[in-house]
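Pasting the structures in now, so scroll down.
Here come two complexes built around chain A, the first alongside chain B, the second alongside chain C.
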Partner chain A sequence: MNLTKTMLSLAVGGAIALSSSAFADDKIKIGVSYPTPTHAWAAGMNWHAEQAEKRLEALYPDVDLILVNSPDPSAQASALEDLVSVSQIDALVVLPFESEPLTDPVLNVKKSGALITVVDRGLSQPGIEDIYVAGNNPELGRVSAQYMKGRLSDGDNIVILRGIPTTIDNERFDAFMAEIEGSGINVLDHKHANWNRDDGFEVMQDFLSRFPDIDAVWAQDDDIAIGVVAALEQAGRTGDGMFVVGGAGMKETIKSIADGNELQPVDVLYPPAMIATAMDVTVAAFKSNGPVAGRYILGATLITQENAMQFYFPDSPF
Partner chain B sequence: MSENAAAQPTKKSWPEIDFKTLGPAIALLILCIIGYSLNSAFLSEGNVTNLLTRSAFIGIIAIGATFVITAGGIDLSVGSMAAVIAGLMIIIMNNAVDTFGSGVATVLIGCGCSIILGIGAGWINGVLTTKGKIEAFIVTLGTMGIYRSLVTYFADGGTLSLDFAIRGTYRPVYYESFFGLPIPVWVFIAVSIVGWVLLNRTAFGRFCTAIGSSEAVAKYSAINVDRIKTYTYIIQGLCVALATIIYVPRLGSASGSTGVLWELEAIAAVIIGGTVLKGGYGRIGGTILGALILTTIGNILNFTDLISNYLNGTMQGLIIIIAVWLQRGSWGKNKKTKT
Partner chain C sequence: MNLTKTMLSLAVGGAIALSSSAFADDKIKIGVSYPTPTHAWAAGMNWHAEQAEKRLEALYPDVDLILVNSPDPSAQASALEDLVSVSQIDALVVLPFESEPLTDPVLNVKKSGALITVVDRGLSQPGIEDIYVAGNNPELGRVSAQYMKGRLSDGDNIVILRGIPTTIDNERFDAFMAEIEGSGINVLDHKHANWNRDDGFEVMQDFLSRFPDIDAVWAQDDDIAIGVVAALEQAGRTGDGMFVVGGAGMKETIKSIADGNELQPVDVLYPPAMIATAMDVTVAAFKSNGPVAGRYILGATLITQENAMQFYFPDSPF
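And now, the complex of A and B:
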């Protein structure tokens, strides 16, 4: 108990690296909590978390990573309590299910003295986390729009298929629209396709019936893009330089970009592997001699045929 | 006179029946007029074909649901059942490629397994409801959760994808046309005709209606209630299997998000069509119109930017309520009391 109290004062003081000496003969326990994978992106995250666990535990025998996934916010709150009381973790890496209901539970973990790393979805109170690792949603929209501007010219028409109505979707969409503004490219309409293949297919079918002239599609997400491509092929409108820009970095999409797909020539990265980055940084807080506390915003890299293979993980489910 | 009196107990009075038949048709007609006035491309050949093909999934499932609901039951598991059958079909076909090649044989094996799985899943729902004496709502709520998590498990949380070689063979089942209509529409038509005959022209159909009206009376009338009710769930399972067979070639994939909320869409289609939710009266024709209405709403919302995207659910809810009100409204009843 004394050790964790020492840890608390040190962590709050920001001198986290120093605490590693206090744990030299004890195992460093790091809890990793995230939602149960129910869709492909989360399944990819689960896979990358497991890979990082194997890699880090092999590298540092005194580090013990405990992965826990939870099916809903209240289960995740309970899981966090267990990590503190049963496993007595020294650090927590958490991808919160929802910001509001998990802010207090994470705060309680912090009070136990653990180092807090928050991934992807921020908490609703600032200053709780020591380390923040996230993808960049506005950047995803901006990078997509920049690519569109590079390929299209004044008077060309595009349609947008959005995700599930959420903050993430709004951030991506608003940044895209801000970047495209003034370029002369017409956004004919935008509809929600819920990051879902079937919805992507149906919304795109309707766009194709409604608009005779579409030059490009921003599908925002690789799952939607699969539906969009199927609809384009059905309608026979894949020619004339038509292209689709997705996002996230699904392995099949990345593979086809590497193989030179012309219909979907690029993808914008929003990597599920960010959980591995967060675990690396958290372990570094105990192992590195450099300071690590801070905010890590990953780039929304444009994946093209040239760099595609470095983002390709054939064994990942996503 | 005597004929009229005989028709009374089962079908109420004739003038209202006519009106009930027209309710959903009027709603669909109004929707089409709205769609056409928003954009003339709404009635283009391409869009009408898309609409009909899309309606086929929900429509076929809803025809099965008409039997279950007419007999006083409910099946909440159909969406998850479709997802898990789609997932298993893909796994089976991918594994069959090595031994049977990527030809028609593999596809037929997949379709056969789909039908066996559908019948089996329906039988489980039926037996648990009748022999297990558990309310249908609870049984199917349970199997809904089981099937949904099973497909997520089989897919390892991700997406199951059909082998590209088989996709080429199987793809025409969704995309090809036959006499101007896509194959899914033909399947929908065939299932509709068989369903209509079964519900309206056979003893089985009358038994379903009788059980839905009063299970106790049906039992005393020497109807094997448990068996008939189990059959309705098996028909539902078979319909789900058929819908899955035409769904899989569309995108060649299944995941945890496949078929989400299809159960509610199917139930909504059945009720919009005039079937009574508590059982005892069912209409296949209405169900078909109900499925078309639901798909048309989604289609129209994609054809306009007048309504905020965030209000899509509101529009769908309003139209469902109005469509049901059109046939249940008190103005219909006033007519009845006067005649």
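And now, the complex of A and C:
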């Protein structure tokens, strides 16, 4: 596929004339819109977007990536308007702050003729985006449970710390529970720790006070896992083969896995670098002979001591 | 993600040492294995693989793409062995001839430490491939039915020509029927025409002799559609708004849509160029800061007069 704004506009008008592309701006303009770094994962996402911009612009001198981060949904909606009216983008890569308030603004960008790539969070209305790039929440739960089953035996006990009550959290939890079923591993309790370090610490303290025999913890998230590890250390319950499984791919977690951390021996990938993957495929829509459209659902790769360094970006904030 | 064969081998041994990559061959070697051009779609696939090779090797001087096409499953299995033992590939892109006989050979490539990208046809055992790139068969059926619903009214009659009896054909057919249900459009009959021009001609002749009032034809495939159009023309039944919907993205079909063909006004994309998309993402595994893993399911885009030229490759054999 090889499209430019001019071609698209002409195409909509029914008069396809490649020679008219001489009237178009020389550069292929791709807007990239995402939230400001309000938390660690988003900070990593911002960093990876900037890395991808440098890499792709060096590779393709005729591609101009225009990065804009926004502090809230209405600011992001305004940014999208500007990307169309001021920058006249040929394509948009967008990680929506929230689904509902960004659906109409993204639809308006689509109406301008731009190719639309949505990342991580879907819009409220199906069919707007040309390409959807996202992590795999059910697989994150399933891969975590498979690791638990490989390490634990019939009769062993685990506790689960969940995220913010959302579809994402439900998908992860339901897939974990479905995979663990029939293994004989007991889930003593599960509570929401809201993908937050402090909540992770408090929930884990509660679990430790109520359950004298815990063999492992599914923390689901690297921030929660930091709180869990602190609670385990404070209570002196890090021995007897105890281990914690987080998720996301925080750089400190990955480095410590590479170094052989026994308390947190693995992690499950849900990487902020997915914004870079989305930028790659969007640029490919203008440069490749292969089609670019559909759903690219990234794998929830198990990070172990063996492969950890492949996922380690020491300069990233996350 | 940034990996090389040497890094992987070292990582499996537990000794991650980036400096040791000096021992590795300088080039990133990616094997690309697929069937020889036994039919038109496969010929297009061969052509697009070669185009992608030229494009990607010009873009990345340190990437060596090694293309091998094979006439049957056992020849493809041998080719895979050679890609490991002779070429010592870092990654494999494979479109398996058949699922069952290629599963163990691909598993052996994976055991060598190579990244595995599977295209179009899955393997018999889940979890072998790192990345899966494929068309969307249910969506092909759904998109075709949506177009029919937009053109036809309650009480109108259609006939359906199906492919070779396979999972692919069932997925397309079932999704089409689910989407058409409740529309009031009558499906007079459906018969297998095996993705073949001659069978398409014969089945359509039969339909024409049995049903005096047919408003449209879902041929599902561009080869079948050629036979259907020939039968319609021979019977003088191309008027009264009759139209045929095929599928795949054959270049003659696309060109004729762009030129305003009323008998075949649209097509649904299931493109042989997907091999190029798979090569793009596999190269990205070595070059991008974004993760490359999971399932990339291409959209079944509706090709209309307006967008047809985006999908037209005049030099391709398909």
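Please note the rule applied: the second predicted complex is superposed on the first by the 293 of 318 C-alpha atoms of A that agree within 3 Å, B and C clash if a C-alpha of one lies under 4 Å from a C-alpha of the other, contacts with A are read in each partner's own complex, and residues count from 1 in each chain.
The definition used in the following text is that a contact is a pair of C-beta atoms (placed from the backbone, for glycine too) under 8 Å apart; a residue touches a chain by one contact, two chains touch by 3 or more.
Model, not experiment: these values are computed from the prediction.
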item	value
Which superposed partner A:Asp198 touches (first chain B, second chain C, both, neither)	first
Chain B versus chain C as contact partner of A:Gln76, first or second or both or neither	neither
First, second, both or neither for A:Leu269, with chain B first and chain C second	second
First, second, both or neither for A:Thr282, with chain B first and chain C second	neither
Contact breadth on chain A, by residue count: chain C or chain B	C
Chain B versus chain C as contact partner of A:Ser33, first or second or both or neither	neither
Partner chain(s) touched by A:Gln220 [first = chain B, second = chain C, both, neither]	neither
Residues of chain B touching chain A in the complex	39, 41-42, 44, 46-47, 50, 54, 152, 155-159, 161, 175, 250-251, 253, 255-258, 298-299, 301-303, 305, 309-310, 312
Touching residues (chain side chain A, partner chain B) in the complex	37-40, 42-44, 46, 162, 165, 189-192, 196-198, 201-203, 205-210, 223, 226-227, 230, 234-235, 252, 317-318
Contact set on chain C toward chain A in their complex	1-3, 7, 11-12, 14, 16, 18, 48, 51-52, 55, 59, 130-131, 136, 258, 269, 271, 273-281, 284, 287-299, 301, 305-307, 309-311, 313
